[in-house]
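Two complexes are shown next, each including chain A; its partner changes from chain B in the first to chain C in the second.
== the complex of A and B ==
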């Protein structure tokens, strides 16, 4: 059962027509209720909320793929950029009263700028040490957000503006935030296109060389420092943009967005979907967003007193690494020892 | 100031115990043992459960907790890590992450997520000293925890430097392959390593439980602080971890008075990052060479 499904998903990557159909289905799903075809809404606000969250995590997973997938640097601090983007855009709109467009771009730029010094340790520190450094950076960010007054402390900042981004369907839409779904979709597609084009470019080959053997790559005249920083900054930029969309969609931001649990989730989305696989990133993000929601439903049906998701998630990771360490849609030889 | 140092020493000893548990596994297997915090939590709960159900004294609880800590660490190695030992490093790390999430949340289901405190097992008295104009208060619990930590460390030092197995472990932390060529059974050695690591974690769990409240999620922060201490002391170095543990305990307590208690938990990470950027070998570590 699982195998044909996987093959189908793999085929999607190579057939633009299928991708276009999928996008059309997503858009139809989003806007069918705006047409007022039926009395009741066909898809509830909840379903659209899940769709938006999945798309945002797709963007984040794709952006983390630059660091973890292409250059092979395991980062456990990606949520720091995600949250930073959210906070930057929250503060620019609420404190400086700048329009959302400015805040959106600014959030990406600031995240990228911060990604530069945070990426710098990665030039000297490798493997397991880099994991804990990125993790530590993320935690420090969280403590700063909790302790500063300007970021609203542990409670966060409520009441952020949720612009319609010029999409006028919102007055008849279900959540009034369809524009965010479209924006997230566009962002994900842009990123997916960049990654698709990157694979066979000069930069893509340099990334691959560094990932496979850094010393050999350096001896061939590739500057590992330059490309590693590039991957970090690029990943941070898009994570920041995604964070901005997320914060304004929720119209609320809290330090939870920066938490290490978020970072762990993002890394596992990359690994479960398959590193460097574009459909894999989408699959990982959708799977790990929808499954916990589904299990919450299961919990209510069976009247369980606990949420089974996290236990199953831990078990899933262990089993997955035994059975298919390269991820669901990853290439066979993803990791080197 | 002196008061903060005294408070810090008891906590620092516990950090050192956790850090040594991290560092022996990293030194030999080269794995960030993300589950070590969970072993620590299991130890704390094992101690709590025997004390509340069988009303045993503290030292019995300590031994029981060390046994269960060792057992859990061994089981994790046997079931999760060993099949992947020759596999890719990232897969091994994700397995550790998954096992940690699994154990933590399973514990929250079995033992309920709320925090609880150890019942008072013995009379804890508070001593006060007049030193010039300052008054120092020392809890006997703190002294006892510090003493237990010292005894465990002395025992560990004896084990590492005086027994055949310990010497093999020390050698393996420098070059596992060479040790296996010298006729040491690597599987056996790694099993012993995880037992030692788990027992240290379990002991630390009980010692923390006596001082503070315990809950199933306590392993996350403790495990990471252990890692920070291990890095500061120099990864793979046991004596380094001892010194760094005491240092972090003291620094944390001092920073609470001089900076802000809100940043208390962040101190460990800042120290760790600074260590890795400025002096990656830590206080007493040796260099992990890049192999071509």
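== the complex of A and C ==
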């Protein structure tokens, strides 16, 4: 079963037309069901919610690919930028009363700005040491959010604005938030396009060189520090934007968004989908968002006393590492031009 | 003077890997550094190419003080090197390795990449031309799309030189280019270095194979225990008693007859 799914995803990656049709179907489904407030509406709203979460994680997974995929540095603190973006835009709209558009851009910029000094240790350390440092940084962010009054402490900040941009169909639940699904989709596609283009530019070539042999890269004139920071800052910027969309879609933000569980999940999405693979990032994000939801039904139907997802998750990781360590759609590095 | 080194020292803790080396190389020269294992040859290369920081002394490239420059700065002004233990980009094809060699000759950034700007396209065109020419010149054209990691050993060594050439260096440092090569591959390498000399390239190489060194070097520098113990023409160096004792071995008698 895995093989046809894989081929499907690969085909999708190579045929933009198929991808566009799929996206159109997804969006059509998103809007049409909103017109009809019958029983199916409940499922429609739920499906839309899952779609949004999957898209947000696609953006996050793509953004983490800059650091983990392109320059090959494992970061376990990516949720820090995701949460930071959320808090920045929450505070911009609720304290400063600025429009959401401003808050959105600001969330990315602040995350990027904070990513700059945080990327600095990544210049000096590698492997497990970097994992520990990034993990620590992420935890620091979480405890700052828990202990500050301005961030609402452990309870977080409720009642964030969720602008509709005039494409909401009602104000019940997520049916008022189609704008966010569209925004997340656009953000994911824009980011995917940027990465697709960057991969085969001089910058992408520098990333590939640094990942494979830093000393050889430096002897060819590539400044590894510059590109590692660039990858960190790009990653932080887009994670911040995604965090902003997520917080305002939920109209609520709490320190949970900064937790190390989030960071681990993000890294797992990259690894399972396949580092550096753009369709892989989408696949990883959708797979790891939809599967646990699906297994929740399984749990209810069979009346299990435990969540089968955690068992399967562990098993999935072990099997993946054994069978396909490069990820489902692991990319080879071939310069296209 | 293309490269000038004054009283260069490199210490690792208490170990004096390179001590008080004075050295210079002029445009168009081919100079070889020889010496026993552990005599500081590769450390000397690492220091002048900016990979290791200098402990004391000075390095001047075309009269400019480059003592504190990093490797990527040195590459930009035209000093490119190869490595003793081959350092290719293993997952990239032969052609893509050379494209990375072109890095220092290009200038496009992230925005050029995203918008596929005219600058990027012009760079790509000229890169393609230069890369094709170098692939022909180094005899790697038929392996253009092979991943570097899958190349035979001799071809990997040649690819490292080809990648260095792609950056159009003014000074090429070769660190034991013939290490591990069979006699046929050494002959090919010899021909390649001679062809490079014809093109007017300045080459500084470390080499153990005396056959290769005697065949191409115009001047030799001998290292022992981090110090320069001799310098001169190959024929003179071969008969220098200090060099014979430190490196070639005392059994050699052929100089006596000359």
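Keep this in mind: the second predicted complex is superposed on the first by the 313 of 337 C-alpha atoms of A that agree within 3 Å, B and C clash if a C-alpha of one lies under 4 Å from a C-alpha of the other, contacts with A are read in each partner's own complex, and residues count from 1 in each chain.
To be clear about the criterion, a residue touches a chain if its C-beta (ideal position, glycine included) is under 8 Å from a C-beta of that chain, and two chains touch if they have at least 3 such contacts.
The shown structure was predicted, so the numbers you read here are calculated from the model rather than taken from an experiment.
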Overlay on chain A: chain C relative to chain B, clash or fit: fit
Partner chain(s) touched by A:47 [first = chain B, second = chain C, both, neither]: neither
Touched partner set for A:194, first chain B, second chain C, both or neither: second
First, second, both or neither for A:230, with chain B first and chain C second: second
Chain B versus chain C, judged by how many residues of chain A each one touches: B
Which of chain B and chain C A:204 touches, first, second, both or neither: second
Touching partner for A:113 - first (chain B), second (chain C), both, neither: neither
Which of chain B and chain C A:105 touches, first, second, both or neither: neither
Partner chain(s) touched by A:161 [first = chain B, second = chain C, both, neither]: neither
Touching partner for A:215 - first (chain B), second (chain C), both, neither: both
Least Cα gap, in Å, left between chain B and chain C after the two complexes are fitted on chain A: 8
Residues on chain A lying within both footprints (that of chain B and that of chain C): 215, 334-335, 337
Touching residues (chain side chain A, partner chain C) in the complex: 194, 197-198, 200-206, 208-209, 212-213, 215-224, 230, 332-335, 337
Residue ranges of chain B touching chain A (in the complex, touch as defined): 26, 30-32, 80, 83-84, 86-95, 97-106, 108-109, 224, 227-228, 231, 235, 260, 262-263, 265-266, 269-270, 272-273, 276-277, 280, 290, 292
Chain A residues touching chain B - in the complex, by the definition given at the top: 74, 121, 124-129, 131-133, 135-137, 139-140, 143-144, 146-147, 215, 264, 267-268, 271, 306, 310-311, 313-318, 320-322, 325, 334-337
Contacting residues of chain C [partner chain A, same complex]: 49-51, 70-72, 74-76, 80-81, 83, 87-93, 95-96, 99-101, 103-104, 106, 108-110, 112-116, 120, 123-124, 163, 167
